[in-house]
Every structure is written in C-alpha cells, then in structure tokens.
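Sharing a structure, written as structure tokens. Questions coming.
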Amino acid sequence: MHQSIEHLIELALSEDIGAGDITTDNLIQTDKKAEAVIIAKEPVIAAGLNIAKKVFLKLDSNAVFSPLIKEGEAVKAGDYICKINANFKALLTGERTALNFLQKLSGIATNVKFYTSLLKDKNIKLLDTRKTTPGWRVAEKYAARIGGAANHRFGLFDGVLIKDNHIKAAGSISDAIKTIRKNTSHLLKIEAEASDLIQVKQAVEAGADIIMLDNMKPAMIKDAVKIINKRALIEVSGGINYANIKKFAIDGIDFISSGALIHSARFVDISMYIS
Amino acid sequence: MHQSIEHLIELALSEDIGAGDITTDNLIQTDKKAEAVIIAKEPVIAAGLNIAKKVFLKLDSNAVFSPLIKEGEAVKAGDYICKINANFKALLTGERTALNFLQKLSGIATNVKFYTSLLKDKNIKLLDTRKTTPGWRVAEKYAARIGGAANHRFGLFDGVLIKDNHIKAAGSISDAIKTIRKNTSHLLKIEAEASDLIQVKQAVEAGADIIMLDNMKPAMIKDAVKIINKRALIEVSGGINYANIKKFAIDGIDFISSGALIHSARFVDISMYIS
Amino acid sequence: MHQSIEHLIELALSEDIGAGDITTDNLIQTDKKAEAVIIAKEPVIAAGLNIAKKVFLKLDSNAVFSPLIKEGEAVKAGDYICKINANFKALLTGERTALNFLQKLSGIATNVKFYTSLLKDKNIKLLDTRKTTPGWRVAEKYAARIGGAANHRFGLFDGVLIKDNHIKAAGSISDAIKTIRKNTSHLLKIEAEASDLIQVKQAVEAGADIIMLDNMKPAMIKDAVKIINKRALIEVSGGINYANIKKFAIDGIDFISSGALIHSARFVDISMYIS
Amino acid sequence: MHQSIEHLIELALSEDIGAGDITTDNLIQTDKKAEAVIIAKEPVIAAGLNIAKKVFLKLDSNAVFSPLIKEGEAVKAGDYICKINANFKALLTGERTALNFLQKLSGIATNVKFYTSLLKDKNIKLLDTRKTTPGWRVAEKYAARIGGAANHRFGLFDGVLIKDNHIKAAGSISDAIKTIRKNTSHLLKIEAEASDLIQVKQAVEAGADIIMLDNMKPAMIKDAVKIINKRALIEVSGGINYANIKKFAIDGIDFISSGALIHSARFVDISMYIS
Amino acid sequence: MHQSIEHLIELALSEDIGAGDITTDNLIQTDKKAEAVIIAKEPVIAAGLNIAKKVFLKLDSNAVFSPLIKEGEAVKAGDYICKINANFKALLTGERTALNFLQKLSGIATNVKFYTSLLKDKNIKLLDTRKTTPGWRVAEKYAARIGGAANHRFGLFDGVLIKDNHIKAAGSISDAIKTIRKNTSHLLKIEAEASDLIQVKQAVEAGADIIMLDNMKPAMIKDAVKIINKRALIEVSGGINYANIKKFAIDGIDFISSGALIHSARFVDISMYIS
Amino acid sequence: MHQSIEHLIELALSEDIGAGDITTDNLIQTDKKAEAVIIAKEPVIAAGLNIAKKVFLKLDSNAVFSPLIKEGEAVKAGDYICKINANFKALLTGERTALNFLQKLSGIATNVKFYTSLLKDKNIKLLDTRKTTPGWRVAEKYAARIGGAANHRFGLFDGVLIKDNHIKAAGSISDAIKTIRKNTSHLLKIEAEASDLIQVKQAVEAGADIIMLDNMKPAMIKDAVKIINKRALIEVSGGINYANIKKFAIDGIDFISSGALIHSARFVDISMYIS
C-alpha cells in the first residue's frame, strides 16, 4: 500500500477517535468478537477494499477481513462487498472510517466508469487531472484507474506541461520548448497548452509532443485536429463533464481530460451491519 | 490555523511538487515578481482564503496576499477573490494547490448555503455528520460552518451517540443510557438513535437528551414528535439531500443532519490569472 | 493502545538509548535469553502493564510478557507484577524505560485510590483536571480512571467551561451561555465557573447545566448548594488536596475535582530483577 | 530551544486544543488584544519562561512576552513572573498549557533547590538520575540544573554504568571493566555499581573511575570510603530523599544521586490573570 | 528549499547535538556575537551555500550569512566562500554540520565538473543515476546539476526504464513496450536496456524512444549506433569512471550515465575559522 | 535496528518509489514469486545485510532473506552475499534501494579495513570522526566499526573536545578545563586540541585526559609524545589518509583519527540478479 494512503488511514483514525471512542469504550467492557458485513446500497464500482481491511487491522490485529467481490467489480444495490470478523469494539470504532474510504473511492470509481461508458465507441483515452483533494492525489488517481481512466501526470515532477504563463516567461513557445528540451530529463515528452489556432500552429511547429487544446469549442477543436495533422498527440481539456463530453469526443483527438472525474464525484451509499 | 490544516497544506505541496516543478524550474531562472488574481467563475460562497495565503507564503515567504472579499462572502461569477504579489515561480508552482483548497472548501460552503436556503423559514438547525474525507474532518466542518450549518460531533470523542449495536451490547437502551451516564464526562449529553416508534418511546423514557430519528419517513417523524413531546431534542437523519430536505423540515424537530452537505459537494469553478 | 501513548514509548526509548546503549552493547555479544520479574517495593495500584509490555516488544519482538496481576489491582510490597522472558540485552536496555512508565502511572493510580478512599461514604464523584504533564494527557487520565476517579474534559474540545474571562468577553454570564448554546454542539452541556454567591445565582438562572464552585470555603459552598437547589449539577474545585478534601465533601455537591490527583503524584517504588 | 522541548509544546497544544477550543471560539469573535500576568502563588524557583513564551507565540505570532524575573530566580508568593500582551483568544487558549509547563518545571527546580540547601555545607555534588517522565528527559534535567543539581548521564549513550547484571554477563567486574575499556569511546570514564564491600574492593581494584555505592547504609558507606581511599570518585545512591539525605552526606563521597529530585516533585502553584 | 533537504538539516542537527553541545554549553555563558569565515582548502566547485546558511539560522535566527561567491562557482585553495555573523555558541555548535553539507555537496559538484571536462568537445550529455545515498537523492542530484551534469530520472516514478527482468516478465521487449505505452502516462518516453546487439535490434524495432547500452565495450557500442541509426536516443552506461569515460565518448551516442559522479565523490576540504 | 536507520530506509523507499514504480506496476500484474541473489563484483567487507533485509520486508512482508555470509565478512569478487525469495515486483522495486545501502556501508567497511591493515603491527587505535553524511551518523559509524575502527564521539553530546575557539572563550586552556570539569558529567573525560608544543604543554599541565595533536608534522608529534610523557592519552588527527597514515603511526600515540575513513569511501560494486 502506498505510504500516502497509509498516512491517510492514520490521520483518519486519529481525527475520528481523538481522545477515545467514548460511547463504545464506556459501554462495552468485554473482548467479544462479532461479524460485520459491508453492503452496497446502490450500484457501485467498489474501490478501497484493502484500505478498509487495514482500518480494521489497525484497531484489531486479529481481525479477519474477507472480500466478497474483487476490487473494481461492479456491484448492485444490496450486494455484499466484504465480511469482517473482529473484536466487537473494533468494528464499532472503525465503521465510519472504513466506510468513508470505501464511499469516497468507490464514488470516484463509479463516476469515472460512467464517463468511460460515454466514450465507449471512441478511440479516446479518458484522463484525470491534478484537480484533486489535497493529500489524496495518489488515492484518488488510483480510484480513477479502477474506474477505467488513465492518469495524467501525478504532479509537477513527472510531466512537462507548458502553459500560457510559462510561454510568456520564455518569450515564445518555441523558446520554451527548446529550453525545456535542453534542461529536462530525456525520459519526458513535452506537452504544450494552446487556446487558439495560432497557438496550436506555433506549438506543433515548435515540436511539442502533445498539444492540449484548452477550453476550445468543438468546431475549433476540429480545425486544430486538421492543423496538427498527426504531428503531435492531442488532449482536449477544460470544462468537460458528463453532460457535454460526447460533443468533445471528436475524431482525431487522443485524450480527453476532466477534473470532474475526481472532484465532482460524491460518496456512494455503502453501509455496514454488525450481526 | 488548525494543525490538521497546516498538515494538509504540507501534504498537498509535497504530493504536487515531489522532486521539483520541472516545467517551471527548467524554464525560469530569474527571481522576478508577478501579480496574480483569483477569480470566481461561477457564484460561490468563498472559503479557504487563509489557506490559499499560507500556500503561497510557504513557497515565497515574502508573498503578499490581499483578500478582496471576506471569508464566507457570496461572490458572483467574475468577481475577484484575492490578489497575490509574489515571486513568479512561486505563483506558478502554488497555483494548483491553492486552487484545490479554495475550490473544495468553497464548494462545500456553497453547497451548504444552498441547503440552508431550503430551510430558511424553519426553526431547524442544519447539521453536518462524520461522513467526511479522511484527514479533512476539521477543514470540511469548518467549511460547513462558513456555509451556515452547525457542526455535529467532530469524532467519537466529543459526543455520545448510542446506536443500535451499542444498545444490543448493553442489553437495553435504558441500560445503555444508565451505563453511559455513569461512565462518561458530566459535560456531555446523550443522544440515542431510534428507527421506529417503539425505540423512540424507550429512548425518551430512558432519559436520552437527544433522540435521532434514523431513516424514518415524514409521517413517522410526525408521530415521533408527538411521542417525545418536548422531553428530548429531536434530530432527523438518514438519506436527506437537497431534493427531499423540505419534506423532512417538520415542525417540532430541532435538527436535520445530512452527510451530503459535505460529501456530495463538488469543487466550484475558481481560477487564477497571472499578469 | 492510544496513539499518544505509543508515541510516548517511542520518545522514551529514543531519549534513553540515543546513539546506543554503550554499556550493554559493548559488554554483551551473545543473543542469550533471560527472565526478569518486576516487583512492587511498596503497596501500589499497578497501572501501565500493557505499556511495559510494549517497551520490551519494541526491543525484542519475541519477548514474552506475562502479567502476574491485573491492571488496576492493589499489590503489596514484595508482590510480583509481571515476568518477562526476552533477549538479555533487551531486558537491560528496556528496564529503565519500562519502569519509568510503571512507576509514574502506578503512582497516579495509587494516589487517586487514596483520594477515593477519603470520599468513600459520600455520593460524590472525584474528577481529575487539565493540570497534567504536557504530552501525557491521555495516559495520565487513563491512570486516574484506573485509580477510581472519573475524567473531567480531556481538553478544550470536548466540554464547555465558561470562566471569568469568558464572561467578561461576553458581557454577562447570561449572554455567554446563550451564545455558547447557539454556537456549540447540541451534544454538550454547559458548565460555568462561579467564585461567589452572586455568580452562582446568575449562573443557575442563566441555565448552566453544571456550576463549578471555584476556590470557595466550605461555608460558602453550603450556601451555594441551597441557592442552586438541584437546578444544576455542582462541581467543587480549587486547592483541594488529600489533607482538606473531607471538608469539601459537602452534601448536595456532585463532583470534586483536583489537579493534585495527577500533578502531585510521585513515582512509586517498583524494581526489576533479572535472573 | 532543544528539539525535544519544542516537540513537547506541539504535543501539549495538540492534546489540549484538539478539534478546537469550543468555549473560546464560540464566544469570542473579535481580534482584540489583552494583557495577562503570571503570578507565583507560593515561593518557587521559576523555570520554563522561554517555554511559556513559545506557547503563546505559537498561538499568536505577535504576542509580546515580557519576563519580570530571571529564569531560575527565587520568587515569593504573589510575585509577578511575566507579562504577556497578546490576542485575547490566544491568552485564553494557551493559559493551561503554558502554566502546565511552568508549574511542572518550577516544581522540579524548587524541589531540587530544597535538596541542595540540605547539602549546603558539604562538598558533595547533587545528581539527578534517569528516573524521569518518558519524553521529558531533556526538559526535566534542565529544570534540575536550574534548581542547582548536576546532571548524571542523559541516557544509555553518554555514560558507562556497569550494574550487577552487566557484571554477571561479563563474568567478573574486572572482565567487565576491561571489555568496556577496550570497546567504548576513549572519552568516557567507567562507573561501576557496588552493593557490598567486597564489590567495592573488586571495583576499585579493577580500575573503575567512579564507584556507585548502591543502597548502602551510612555505616557501610563510611567503610567503603576508607577502602576506596581516593582511588576512585564515589557516588552514593538508592532510596535517598529529603528526609534522609543529610545522613548520607558523608565526608569523602563526591556525589549523591536521587531520582526523587525529579520524580517526586509536584506542580507548584502558579496562576495567570487576564486584565 | 526542497522539503527533503530541510529534513536532512533537521536530522543532521539532531544527530550531532543530541542532548546538548556539552563542551560549548558548559564553557560559554554569554550571548556574545562573533564572525566566522568558511574557506576552501583545495580547488572546489562550491555547492550548498543556502544549506549552510539555513544550518546557522536554525541555531541563531538572527545570524547573518553573507556568501562571498556564487553557488556553483569554482574557487581556489584559500578562497573565502562565505562569512557568518552570529551568536558565538551557534557558530561553534553549527560548524561541523554546515561543513559536512558543504564538503559533501561541493565534493560531488567538483567531481562532476571534472567528468564534464573530460567530455568537453563532445556533444554528449553526462547523466547521473539512482545510485545515490539513501535519503539524499534530491540533494545529490542537485549537486550533480551544479557540477554540470543533467539528471537521469529521480526515481521509479518519473521515467520508464525497461530492464532485463521486466522484459522476461512481459514475454518480449515488444510486448513490454506495448504494455507500458498503453498503461503509462502519455507524457513519458520509454527507455529500454540492451546488453547485446540482438536486444538493440529488438528494442529499436519495438519502438523504444531511448536505448540504454548496458555494460557494452566501445566496439559493440559503435555497432549499436549503426544499428539504431538515429531511430532512438542512445545512452551508454555501466562501469564508467573518470579513467575510462573518454573511450566511451563515441560519436552518435547522446548520453553517458555514471553512478560514480555521485557515489564516488569524496568530501572536499573546506574549513571554518572564527575570529 | 537503530531508529535512525529505520528512518533512512523509509526515506530511501519514499524518494525512490514516489508516486509509484511505473515500469514495474504497469508491466506486471501477477503476484508471482521469484528468487534473487546479491553478489559482490569486487572484494569487499560486507556490511548492511540486516538493512537490505528490512528493505525487502517493507515491500513484501513475506519475503525470505537468507544471508550467505556473516555481517563484516570479507568476500571475494563473485561471492554470493545473500539470497532473497519474495514477490517478483518487490524484488524489482526494492533492488536499487537495498543495493544503495549495501554498496555504501560495505564501501565504508572495506575502506576502513584497508586503513586498519596499514596499522596492523602498531598498538594504535584507529578512530572515525564527526565528518559524516548528515542523517547517516549512526549508520556510518556502525560501518566503521564493522571495518575495524573504533568510534570517536557520536556527537557534541557524548564527549568533551576543547578546541581553539573554546579556549579563547574561556581565557586559557587551564580555565577551560576547570570550568568543564565543574559543569560536565562526572562520567566524561576531557580531550583538548593542541596545534603546537606550547599548547601541548599547557593542556597536559591543565590536566586534560586526552590531547589531540591537530595537524602536526610527524617530527613535532614525536616531541609532543615526549612532553606528554604518558600523563595523557594522545590522539593524532588532521589530514590523515591511506597514503600518509604510516608516517603518523608513531610510537607513544594511542589513537589516529581520520575523517577519510568514512567521507572518502566510495560505493563498492555489488549487484543483484533475479532468476
């Protein structure tokens, strides 16, 4: 499990338990065991099972967590996701934390899966963005992969994206690309953002490997595709959501990226029952 | 600023910058200053200005952050939220992190404000829940307050809420309340969850200070109000969202709580422009 | 085990071992095992067994720690508290750290038990305070519970206590209680401090749930009890110690709180012997 | 300020404030400033002023902390220790944490000063021990120095002390000292513990630099002094407290060490008043 | 300054100061100021000035650090690197830590500069590797840049490098590249390792963007250059050091990478004098 | 394992893996196991086996690490150091980190062993210094011991070394030693640095336990030995390396210390093969 996710589990338990679970600790003195099931209350793509498992193991190192479906599987309302046999107090104390992870990550996976269904006949890769919950970058991008999207760069460190302000700083897009090519790792391609057709032309001529068409209308995107003429990969971005994505799924583009995949996903309804 | 929020800022910068902002660092060698503005692209309740300020100060300790509105103020599409004068590189590197905080927190505040507008003629307090993003409890509940809700308990440590499983463990609701009263801090009231009218009767007779009517239909809630007859405060909870909240705003209840206030809020559209 | 206590164990081993246990490491090269016993050298209420266990497990993951009494049990001088079978070097290196936890926590439990014996025929709950060793709040309040006291609030976050300065800020005690009632979680009662009978009257009339009689002489406390007349719970606080506590155990009060329970407890005498 | 003390300040504020100071935050909305004084309520040796200062600066970076006495100065009941001008809310929120540090550290300094007064005509150095509050080693030993004691080793890393079990492991005290001398830093002396006169003889002949007479009666100590005959420094230790220390202040010994200096010190009475 | 370097500074001061600088603290009681200079004792490329500055600022927040040369400048034996005006005790306590950073980082920069001089007429970029001191990746790669090398990938996260074992796992190099191309960020190129000419042919035909010629003799490298025929970038790696690098500087290759740039650099001789 | 080394392992994995091992994770989906061997490619003194083991256990808690030689053993080129059976992905991901530790620590041990061979007929102890890689003090000094050196002090906290600037601050070396003797732990000896024969005389007369002859030529060292005449232990230091150490191995001195033992050691050549 990625260190940043282990860290989120610790933060989550710490912020929820604080000085102690006063209801549970003051009511229950025994060490008795119990069984719980986690159930989908609406159709979801389940994500985060290993994280839920870790939550209960942190509270009871003898907990037995049995997944009843596979990570990423589509489940119907009423389906069982997993079963947990553990200390009764650990189940009560960990319930909300485990569910918060499952509901959030499954919410993203479910949302992303819906987006991918809207692109299903197209040869276009759906990408997430860096518009993510601070501290959750790795976890949210993991859920986006589970839902069927590909990840755009994880941060400022693993991909070059030249934006308007970078170009201004460099003098011209051609200078920007030349400088980046000279200074940056030979393992990285160079993506440049263009918001009109003049910038598209400049970017393609300057040798950008990928061109991001930023906030363009579909008609302009079609013109851009012709101008680029396969000399660079094409990413379409800006204000794309489930209501309009089909209009942007234009032949000749390679990628559509949308922050809404992650940042507009809601918690899906998942509950736990202790028997 | 709360320690947990300072910690989120560090996590956010760390996950975004990683080994370095390769685009900016490889393009820009100078120490020149620039000015940026942050602008609402849709109507929002702005939240998180101090956090955005801290993000830029972490990257440039001489940055000057000038808020142009007040925290919690309603702004229209196109309104300026703040101005930042800082090192140009710091602006480029910090932009996404600062916006992610503003978009998320303003998203919650905006969503909550909408819910409160639906309850505006009622003498009912709107409450959040513990269904929050792991690691973000303090920050999200802060944004909910900015939007006009009150906070339910922050965790398992600062409020007693006796649920079904606690009652089973204790034998009866009356035993549960007696035990809790004996063992728990004298500064805390006791809330008990009830999902039918028999449980409501038991809870009120056992002396619960607050009774949570869990997943009840409006008709049953009305009966519960009569049974309770002002002997306890009443919280209505379970599956409440903006589409159905008015039906639950029944006379005689004191609180409505909804996880959707926080967990179904999306990022609102806020952008930064460097001049 | 609470995260804050696990953290104290790490701090303790780190500050004691530093760059290495030079006496043990330079003398003993073998991996031989040994057995140690921990023995009370005076009558104590034993507390902290699980913490001592964890100390040795940190130094030797195969250590076997066998408690010979139960947590919270009263033991006589000469009684065995526990037995540890572990790597000989781990026993030597961990001895002082384990004893420091046991001596301190048992010291508090023993001290608190003595205070409770002084109140034994009274229907008054003994409470600790927030006058605790920085970093040790959860651990010390745990030991106070083991000794028979109840915990007052853990911090500023889980209980409302309106003091003199809060009242000045709010204008009047009645305004303070009204404001707090409006802004604070519905799960919390409100306690107000009063240092004379006028304040007592104001507090009870303003609807405080609990009134703390602060630094009052016994005679004034008796008058306050009459004024309050069961309209609020009563806590007596301020300068109470084992020498004077019986004078404050006045009929009609509900709680006596004393910082001395924790902050004036000394280490009790507990030793370890390796055979 | 030592890192471990800065860490304690963070732990202290975190455990006390938790999710927020609900009384202060819900009552006071303004940013008004106020002045507070911290006053001794009994005669004390004041210690920890810089720590109290740091507590308030953490809560209000513009706080002005004015010491009115010097660190380590003896003050009478009623004397002012310091004055703080800061944000009113910061004063309320930081009061308990700042006082907990001052009361604890001044308590140790005051206790130690009393012990030193009992040895005042003797040429014997008073030493603390490793019987300290876990996590507080550096802070408590600092307070012991303020009170007039010298520090024994800080941990297992900065001094060699050969105890009974080490000798058993090595075969003989002479072997133990030889092995240690060979393996340990040339910058360290070697102290060996002796609990009877035979061991004293062996230790001195084996070339120990310092001999600790452990739990010996005064008569035996006198004999040991004669046997050692200035061939090694002499430390007396074991069960020494303010009631019996004078009996152990025997001519010819160099050091008396006592855990009670630190572990039996209580909080002294110090309060804060906001005007 | 990168978070990982700030963290190293904290570790360094903590491991060196531990429980306190006993020589300095026990000798010097005053707060007097002093001036120090840091001087090269041999010709070096200076690196790490900002880190040395930070070390002294951590120990004395009023320290004034005046660089006398620029980061990356070549200095002769006897040249002054910087001047520090600070608390005398801070200078004594921080000296070794500051020098350790300067000597190590300047050592790398100096070593790398020597390697670049050996390639000076060649159109070949010199690259570092991931053979770095654990915990020091960002710092050491920074020093390599100061010395004139370019950085290869920072870790496993920001560049694809398909090695022998990856190919075995994938079945064939062609399958490996196809799978990686499908699954990995569109912003990354793909580098494949080849250790003989058959593998070179396969890699170039499978569409690798860069081919690493691993542990090949110069003659074989020349053949590989012909086979690749500009269809991919070429990196030469494996056992390259200052003694043999010229033999590997073959026309047609793009990069030479060598772990020795960083891992075989020694501390250079730099001293501090306090006046 | 020392806490600081466990911390380095975490830093190392974190800086290398970052957001994920994109080559391995994107290529290999199975959980298959594999076997790897680690082999010396040149003669080395092997050090760090337990650390390598821990690296793989962090990535696969079921990994089985079998050492094939003993820590500190001399191995020839081609010898197997250890065998690891683990998850195939864990082997690929952990390879570089494990090797970086082994290559660095074995590099130091091998270098130190060479130095000790140069002193083999002399009764002189070889010592390391505080010129170590920041963050690595404990680990590097451990490797120096494995190579056959003894450790000088670990930091400023566990040994007194009076240098020129301390003497200036104290007024005279005699005053410096007197003050230190009074203020510092009775468990510590006192070492003083001397750079000419006058200082040697002063130091020995002032009662220094050890005298460090700093940067003296062999001839002057011989004179110093005569002056000291066994009244203090003698350490020779300053600019000593493998080329000149024999000239400094003068009869009558007790220690030679050299920073080059650690800071001029290079990574030795050690590789891993997965079968």
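Going by the order they are written in, the chains are A, B, C, D, E and F; count residues from 1 in each one.
Note that a contact is a pair of C-beta atoms (placed from the backbone, for glycine too) under 8 Å apart; a residue touches a chain by one contact, two chains touch by 3 or more.
The structure displayed is predicted, hence computed values, not measured ones.
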Next on the checklist: Starting from the defined contact criterion, work out which chains touch chain D and chain F both, please.
Outcome noted: A, B, C, E
Next on the checklist: Test of understanding: which option in A-E, A-B or B-E shares over half of the contact pairs of D-F, residue numbers taken as the match?
Outcome noted: A-E
Checklist outcome for this item: Most remote chain w.r.t. Chain B, using mean C-alpha positions, is F
Item to check | Chain centre separation in whole Å, for chain D relative to chain C (CA means) | outcome: 21
Checklist entry - At what distance in angstrom does the C-alpha mean of chain D lie from that of chain A? => result 52
Checklist entry - Can you give the whole-Å distance between the Cα centres of chain B and chain C? => result 33
Checklist outcome for this item: Residues of chain E that touch at least two other chains are 15, 18-20, 137-138, 154-155, 157-161, 183, 185, 188
Checklist outcome for this item: Among line, ring, star, complete and other, the chain touch graph is complete
Checklist outcome for this item: Counting only contacts in the complex, chain C reaches chain D at residues 4, 7-9, 11-12, 15-24, 26-28, 88, 91-93, 96-97, 99-101, 103-104, 130-138, 154-163, 165-166, 169-170, 176, 179-180, 183-185, 188, 259-260, 263-264, 266-267, 274
Checklist entry - Once bound in the complex, which stretches of chain A touch chain F? => result 2-3, 137-138, 154-155, 157-158
Next on the checklist: For a test of understanding, state which residues of chain B touch chain F in their complex under the given definition.
Outcome noted: 15, 18-19
Checklist outcome for this item: The residues of chain F that touch chain D in their complex are 125, 127, 150-154, 157-161, 183, 185-189, 191, 210, 233, 235, 254-255
Item to check | Touching residues (chain side chain F, partner chain A) in the complex | outcome: 10, 13-14, 17-20
